[in-house]
Amino acid sequence: MATPTLVRGARATQSTITLKIAMAVSGILFILFVLAHMYGNLKVFSGEEAFNSYAEHLRTIGAPIFPRTGVLWILRVGLIASLIVHVACAVTLARRAGRARPVQYQVKRNVNSAFSSRTMRWGGATILMFLIWHLLNFTIVKINPTGGETENPYRLLVDNFGVWWMTIIYLVAMAALALHLHHGTWSSLQTLGLTNSPLARQRAKLAGWVVAVVVAGGFSLVPLSVLVGITK
Amino acid sequence: MIGTMNLTLKIWRQPHAEAQGGMREYQVSGISEDMSFLEMLDILNEQLQEQGEEPVAFDHDCREGICGSCSLMINGQAHGPEVTTSCQLHMRSFKDGDTITIEPWRSEAFPVVKDLVVNRSAFDRIIQSGGYISANTGSAPEANSVPAPREKAMRAFNVATCIGCGACVAACPNGSASLFLGAKITHLGELPQGQPERYERIVDMVAQHDAEGFGGCTNIGECAAACPKGIPLDVISQLNKDLRTAIKAGR
Amino acid sequence: MAGSTLHDGLTPLNAAPTQTSDDAHGYYTLGEKIVDPVAPTGPIAQRWTTRKFENRLVNPANRRKLNIIIVGTGLAGAAAAATLGEGGYNVKSFCYQDSPRRAHSIAAQGGINAAKNYKEDGDSVFRLFYDTVKGGDYRSRESNVYRLAEVSTNIIDQCVAQGVPFARDYGGLLDNRSFGGVQVSRTFYARGQTGQQLLIGAYQAMERQVAAGTVTQYTRHEMLELIVKDGKARGIIARDLVTGEIETHLADAVVLASGGYGNVFYLSTNAMGSNVTAAWRAHRKGAYMANPCFTQIHPTCIPVSGEHQSKLTLMSESLRNDGRIWVPKRAEDCEKDPRDIPEEDRDYYLERIYPSFGNLVPRDIASRQAKNVCDEGRGVGPMVGDFRRGVYLDFSDAIKRLGEPAIREKYDNLFDMYQRITGENPYEVPMRIYPAVHYVMGGLWVDYHLQSNIPGLFVTGEANFSDHGANRLGASALMQGLADGYFVLPNTIREYLADGPFAPVSEDDGAVVEAREAVRSRVERFLSINGTRSPDSFHKELGHIMWEYCGMERTEPGLRKAIDMIRELKREFWNDLKVLGTADSLNQSLEKAGRVADFIELGELMCVDALNRRESCGGHFRGESQTEDGEALRHDDEFAYVAAWEWGGDEGQPVLHKEDLVYTAIEMKQRSYK
């Protein structure tokens, strides 16, 4: 049984809500990142040259004040830190939730919650695995399954999505991301205390749909266009 | 008899807190649709008593949906299929031949006492940790000396209707008591009298909530759907907002 | 103030009563007359102020050493626990529920009275006092009632400061309404959940003291015996309902705030666990039980739907403002769909008998007339036993006149509740209502200090008898509970505690051991009778007897018959009870058995009290005492007294002590609603 005594000397920063706030902030950073990333990806439709120069541009932002890839690294470090925070809090809260109900129900019906809200942990884990694969694939190792070029970002991308199972992995991940964002967007607004009325709640939920569709849809356009042969 | 039903009940039986529990199956017949769910259990209990088996223990008192005693997980839903308390659920929500599974609230912070009865004293301790306005008897100023804006007073009232039943915890996949907590924070936080202790209150109450072993909220929303008093999710937003303010204030 | 003049509060306005009838002859023995030993004197408006000053103070340093037990966490108990805790006393608080917040006060709907006169409609402390005494049919003590009216205004202040969300108007100030036929607006409310909000306020104040360490709370504990040592109340024996452990709690004073005993009727609007055990155990230890037969029956409850029924649900009286009450003229029509019964075949009996008040006659009249028409075989709804127990409350005229939206706005939540329980839609089919037991004015006898005749035993809230006489006004019980708890008891108990701390009592003391053993052997006895019937079946049977013979109309032959039946029931109970399970775990049948045993004894005393009081007053209607038109007839010359009953032993007869009621501030009047 839990502690039957009263807590003394409580601190706001040591609460479960603080963990959630950290998740919300890091989650919102991710949202901003994926929006930008998606926008970049859509450069594919402007052709090989435009896309490659965008990739190059990413590495030279801030030059000459920052060395080459300097800003990119700052972003990367920020994202990695956010990821660590986000995942650590997710794991802490998940374990806490597990302990909070040691005996499961024989029958449990969920009646009013979105599927996405109940699958955040699975979705998060899927995204994490995908993320690792994705970084290996495009950033760290640069794997070209057709054995083609790896230093030409455009070719690397088009060759990759020319392989059916690569496309499937990618699309599954986007589905997971869509679900994660559907709940995550509204959830982060609620966690930050911005949904204090039924109307605000409705809007936040709508925002969840919009972000999910835009981000996952936007990302998916690229492999789909490769699949149907628009992008070669 | 017309309109009566025969039902199969699957009920969690557990002799005492430390004992191993399990599901038992019983049959009841001749249940009229005008009966309340608890009256149906009364019939089962009379039947068990006749057979020499100990009646099923369950919490109940007012049977009017206001005291918050009754607390049954009915077919996987806290307080059953309607938005009301277990005691105000009527048998016309079921049909002849149904199988009904009845379990206690499941939460680390609500240990089973016996059968369907759980210990909810964690809620009392959350209130002790700050769910009040400090106003000693006799120290109150004339009631109308502090007007309370009607909108805020209405919101305070709407959420003050929480009956402390714990259905929100029972329904929450995370086992969180955030709806209960948010309801109290919002009730007291919306009133002028609640301002002086507002941020101290939230820090202490959240800490107690966490210490009792309730889970953290991930805004799933099952709590608000199960709540017999329709406490809305925005109290959790209010809770989060007030905590954020408390962090800023360095509490 | 219709026809009444102000009096000086010094000269008696009525002569002491002399009883000439003796209906209960053979059922009781007559004891000494009693007086309230601490009754205040002087101008009525000064009495409480003076008394607060006269009562001695307890040195703050001493308070920590003074232990007070409070049984009950309803308005009366929780408010007292909070206030005494704040004062620095060492308080132990008991309730049988799993949390203090679940006490039955939570269920009160309508509101709470206070003489704030915010509407400037002529209300005042004196008017609230006057209305309460009159409403109680002049069977309450004027000093107590005046004090109640006087502190009523402080209650609202206190509750608002605690964060009770009362209804407010657009300017943010408190709203109030008129309630129960009163002509001034003095009822403060929080939608239909006033009791809940007030109790949560008191509960939170009490929990704050738990955190501060001045109050220790014992939930799921039932008081089963009072410890009386050297004539003083010094503690209780309580059973931990979870472990079954029988615990001894010692103290310098004991406060009973254990609520009302309406459940003696089995079906009532009270919570399932509401009981008389705490009070009855004290009664058996010598505390007088006053006016036990004074019961309030509320006319607008949802009727019984079948034998399985476990409790009755109240619907706000406000429904009578727009609904018309009727039954078919002919018994043959009772089975018909009410919508098919033409106007000329309907009997709007209240409008017919009371043309000027119509459907708004007082609670007791509306209730009694409903029973009469059902007894004539003209009731409606399902057959329960041999009768249909229900009358129509019809909104179709109001809907026609005001439109459905207007009715919806006023009564939506009540209509919903009705529909949830009955499955019928009151917008289409007339509602069915029937009276139900709601409140008891009777209770343990207390003096002006709320102290019983056992020194150190105080009684507050519905558990005492003091303020409502023979009938209680709507919205006054909440007022009394909080008045007692926040403002009265803390100021009177100190006069007693100023002599403490009293010599410590040991757990091995004879009186303590005896009390503990009595509880233990009683529990064992329940478990070992091993008969065939459940506690519930006895309770149901008792309820039938009480309702039939000691309900809305009481007659000499009926009461005599009831007493015989109850005595027989008691014998059967102790021979044929069956309680399964063990004493050392949560055992709801065992709890129930103890409560039913006490209800049976109480039931008998109620009948004896009703038999003795050969007059009709307030909620007590004796068939033998009515006017030619069937109206209640009071006999002030014989019965202007409080009947305080002393326990006469298991084999003996109860002893009647009379406390004369003498008025100095207002004159007695017969009421009339024709």
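Letters A, B and C name the chains as they come in the text, with residue numbers starting at 1 for each one.
One rule holds for everything that comes next: contacts are C-beta pairs under 8 Å (C-beta built on N, C-alpha and C of every residue); 3 or more make two chains touch, one makes a residue touch a chain.
Remember, predicted model here, so these are calculated numbers, not experimental data.
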Quiz prompt | Touching both subunit A and subunit C (chains) | solution = B
Practice problem: Please identify which chain has its centre, taken as the mean of its CA atoms, farthest from the centre of subunit C. | Solution: A
Practice problem: Could you tell me the distance, in whole angstrom, between the mean C-alpha positions of subunit A and subunit C? | Solution: 62
Quiz item: In whole angstrom, how far does the Cα centroid of subunit A sit from the Cα centroid of subunit B?
Solution: 35
Quiz item: If you average the CA atoms of subunit B and of subunit C, how far apart do the two points sit, in angstrom?
Solution: 28
Quiz item: Which parts of subunit A, given as residue numbers and ranges, touch two or more other chains?
Solution: 6
Exercise. Among the residues of subunit B, pick out those that touch two or more other chains and give their numbers.
Key: 121, 128-129
Quiz item: Of all residues in subunit C, which are in touch with two or more distinct other chains?
Solution: 211
Exercise. Using the touch definition up top, name the residues of subunit B that touch subunit A in the complex.
Key: 10, 12, 23, 73, 75-77, 101, 103, 106-109, 111, 121-122, 125, 128-129, 173-176, 202-204, 206-222, 224-226, 232-234, 236-244, 246-247, 251
Quiz item: Once bound in the complex, which stretches of subunit C touch subunit B?
Solution: 79, 82-83, 86, 97-102, 104, 106-107, 116, 118, 154, 156-163, 165-174, 190-191, 193, 196-197, 200, 203-205, 207-208, 210-211, 217, 219, 242, 271-273, 305-306, 308-311, 313-314, 420-423, 486-487, 490, 534, 536-537, 578, 580-581, 585-589
Quiz item: Quick one: in the complex, what on subunit B touches subunit C?
Solution: 15-16, 32-36, 38-39, 42-43, 46, 49, 52-55, 57, 59-64, 66-69, 82, 84, 88, 90, 92, 113-114, 117, 119-121, 123-124, 127-129, 131-144, 146-150, 153, 156-157, 160-161, 163-164, 187-188, 191, 193-194
Quiz prompt | Residues of subunit A touching subunit B in the complex | solution = 1-4, 6-7, 10-21, 93, 96-97, 99-114, 117-118, 120, 183, 186-187, 190-198, 200-201
